[in-house]
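Pasting the structures here.
Below, chain A partners chain B and then partners chain C, in two separate complexes.
For the complex of A and B:
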């Protein structure tokens, strides 16, 4: 039942993305934004912060570039800037809602292999993220004075090499763990 | 590349999906035919690796930085098909689970960076490694293909963005999606990526030379 709900939500979200990306009326997009903002309730400040951080660089660059260009050419710019930003914010908030509300691995329960792959990948992302964070903290604490370009390059290189080594070990350990628990026997 | 949803016209991302979907199916078929029980754990770890590699910042001259793309490392260390599938899965997880990427740009990034960029890297590496492996120029067998793959991928993405003004305009002639044409996008996207590609190529060569084994290959 839950899997069906997740699958329906996933499909509804994908359909909504396609439909909204074809809406161009700023008023309509504004109404949609107000509806989505209302759905977030108490979580709104956190959601807005996350979305704005994710889209700010591209949106500000494109909007400012377009506005300056249009002013110099004596062309209107406000409608475009409004349309673009409203649509991007609506879609980003909708995607954030989807990422919080839909359990992708449950929605894909028709394929146990794919489901398992996603669960494992998410677990491994957390493990490797922790390693990368430890590496960064260690690097920062050992270098109180910012290093020159070469030193920072070597740091980034060693971090990536450590991650690749760890990933190899994780892959082997995972395979053995799955073998020992009979995961592959069940699939035969 | 970080293109939010809403900047790309539906006809472009739907066409990109139609183009890349059969290649995903082909990749899965090729890997499952060759592989046994090691496939799922290894692909999962590769996906995680692709995700975390893309969070590593590489320094650029002038005190700024960009993040590693990681496709070069994955292709050369793990093989093209595994890298392409892991990279695509990473994009899916970024968009759907972590809410950190556009879903409409997923097929475009998979097509430009994973398929074409990864393909250029795989072919370039294969062409050069035989000639340069035993020489002091062996690092070039990694550096040049990675640089070329990233440059080609950036050019394709710049072209995709640059054609958006042609795909939709309102009654006053204003663009409905991304507003700048190829003259601007090629300059703004490709030029920095020539430098990013060179640094990532160099970094990939150093990392691969320092790795004692390459068991992740599928």
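For the complex of A and C:
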């Protein structure tokens, strides 16, 4: 029963993504955004912060790039930029809602292969999220005086390298764990 | 029972002059030889980085010796040996490893499915029922629908134990099994192992207090991955110099309020 509900929600989310991708009227996208924001209720500030942090860098870069290019070509740009940003925010909020409300591994139980890949990815993401949070705490704890941008960038670079290495070690350990439990026995 | 005179015919697991390194130049294990009989309890003691986990992975056919031979029930545990599908299945069914970091062995969508995975593969009847039973035994029944990666460290450790025990292996390899367990779960594990008399168990630990509950025979590894001692655990624990050499105990200075001072021996856990 739960799996059925999760599958329905996943399908609804997929359908919504397709429909929103076909909407080009900024007013309509704005109305949709207002409706989605309203359904978040008291969780709105947190959700909005997460979404904006996730999309800000890419959206600002693309919007600025398009606007500069359009100004140089003497073409209109405002409507396009508005539409682009509204659509991305709507899709991101909808996806955040879906990720909180749908148990994806249940929704994908019709395909053991997909489900397995998802579970592996979720496990890795969770472990790396924890590690990244620890890095942030460690960095804050060891730098009582805030560092300049250059220092922060170097720290972030080293953390990214450590995360990559950890991900590789996790993958190796997981392969051994699966091997130990006979996962590969029927696969060669 | 302690198998003091183990003949090759009796040995379930044999390490014969095994050496292993990870390819970065250094040897992790060097000239390691020992036998383990069916039903025997062996505790592998050693400091951090001395090769305890590597030893278990070699015993589980996950890593292969650079030199020397590892045998399980007389058959070589090497790439060629494990290439035989039937033998490999039989081996995997009868030898279970609980990893020190249990995330490594959890890859199913829910706790119930995770435990049922092994019995299902082995064709045991009613794997779902077995999963429920093992979840109950290890206090995981209320998490049966949850995703394994969402559990706490201790819950994951208990789940990893349930996954392996549900397959009813003949040889159980436990890598620092109590690192994340709470006292109740440790008590359960000790009681369970005490009751499973047919099961051979090889446990790695630095915790000497726990060691006495998990076996009667000790294999003490040096920090260079060589065997310093193979024999009765109580003899190893009484040998202060051995424990200090293996970095399982240390002496440090105690200063008392009256100004006197002296050195005490300390270890991970108080076994005395």
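As a convention for this text, the second predicted complex is superposed on the first by the 108 of 188 C-alpha atoms of A that agree within 3 Å, B and C clash if a C-alpha of one lies under 4 Å from a C-alpha of the other, contacts with A are read in each partner's own complex, and residues count from 1 in each chain.
Just so we're on the same page, contacts are C-beta pairs under 8 Å (C-beta built on N, C-alpha and C of every residue); 3 or more make two chains touch, one makes a residue touch a chain.
Quick caveat, the model's predicted, so the values are computed rather than measured.
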Requested in this report: Based on the superposed arrangement, let me know which partner A:170 touches: chain B (first), chain C (second), both, or neither?
Outcome: both
Requested in this report: Once the structures are superposed on A, label A:115 by its partner contacts, choosing first (chain B), second (chain C), both or neither.
Outcome: second
Query raised in the report: For A:180, is the partner it touches chain B (first), chain C (second), both, or none of the two (neither)?
Result: second
Query - First, second, both or neither for A:139, with chain B first and chain C second - result: neither
Report task. Scan A:87 for contacts with chain B and chain C and give back first, second, both or neither. Result -> first
Query - Dominant contact partner of chain A by residue count, chain C or chain B - result: B
Report task. Identify the partner contact of A:106: answer first if only chain B is touched, second if only chain C is, both if each is, neither if none is. Result -> second
Query - Partner chain(s) touched by A:127 [first = chain B, second = chain C, both, neither] - result: both
Query raised in the report: So which positions on chain A get touched by both chain B and chain C?
Result: 116, 118, 120, 122-123, 127, 170, 174, 178-179, 183
Report summary line: Counting only contacts in the complex, chain C reaches chain A at residues 57, 60, 62, 85, 88-89, 92-93, 96-97, 99, 101, 103-110, 117-118, 121, 147-150, 163
Report summary line: In the complex, chain A touches chain B at residues 10, 14, 17-18, 20-22, 24, 50, 54-55, 57-59, 62, 65-66, 75-76, 79-80, 83-84, 87-88, 90-92, 95-96, 98-100, 102, 104, 113, 116-118, 120-125, 127-129, 131-132, 149, 152-153, 156-157, 159-161, 163-165, 167-168, 170-172, 174-175, 178-179, 183-184
Report summary line: Given the complex, residues on chain A that touch chain C span 103, 105-106, 109, 115-116, 118-120, 122-123, 126-127, 170, 173-174, 176-183, 185, 188
Requested in this report: Would you tell me which residues of chain B are touching chain A in their complex?
Outcome: 2-10, 13-14, 36-38, 40-49, 51-53, 55-59, 61, 65, 68, 70, 73, 77, 89, 92-93, 95-100, 102-104, 168, 170, 172, 174-176, 178-180, 199, 202-203, 206-207, 210-211, 213, 215-216
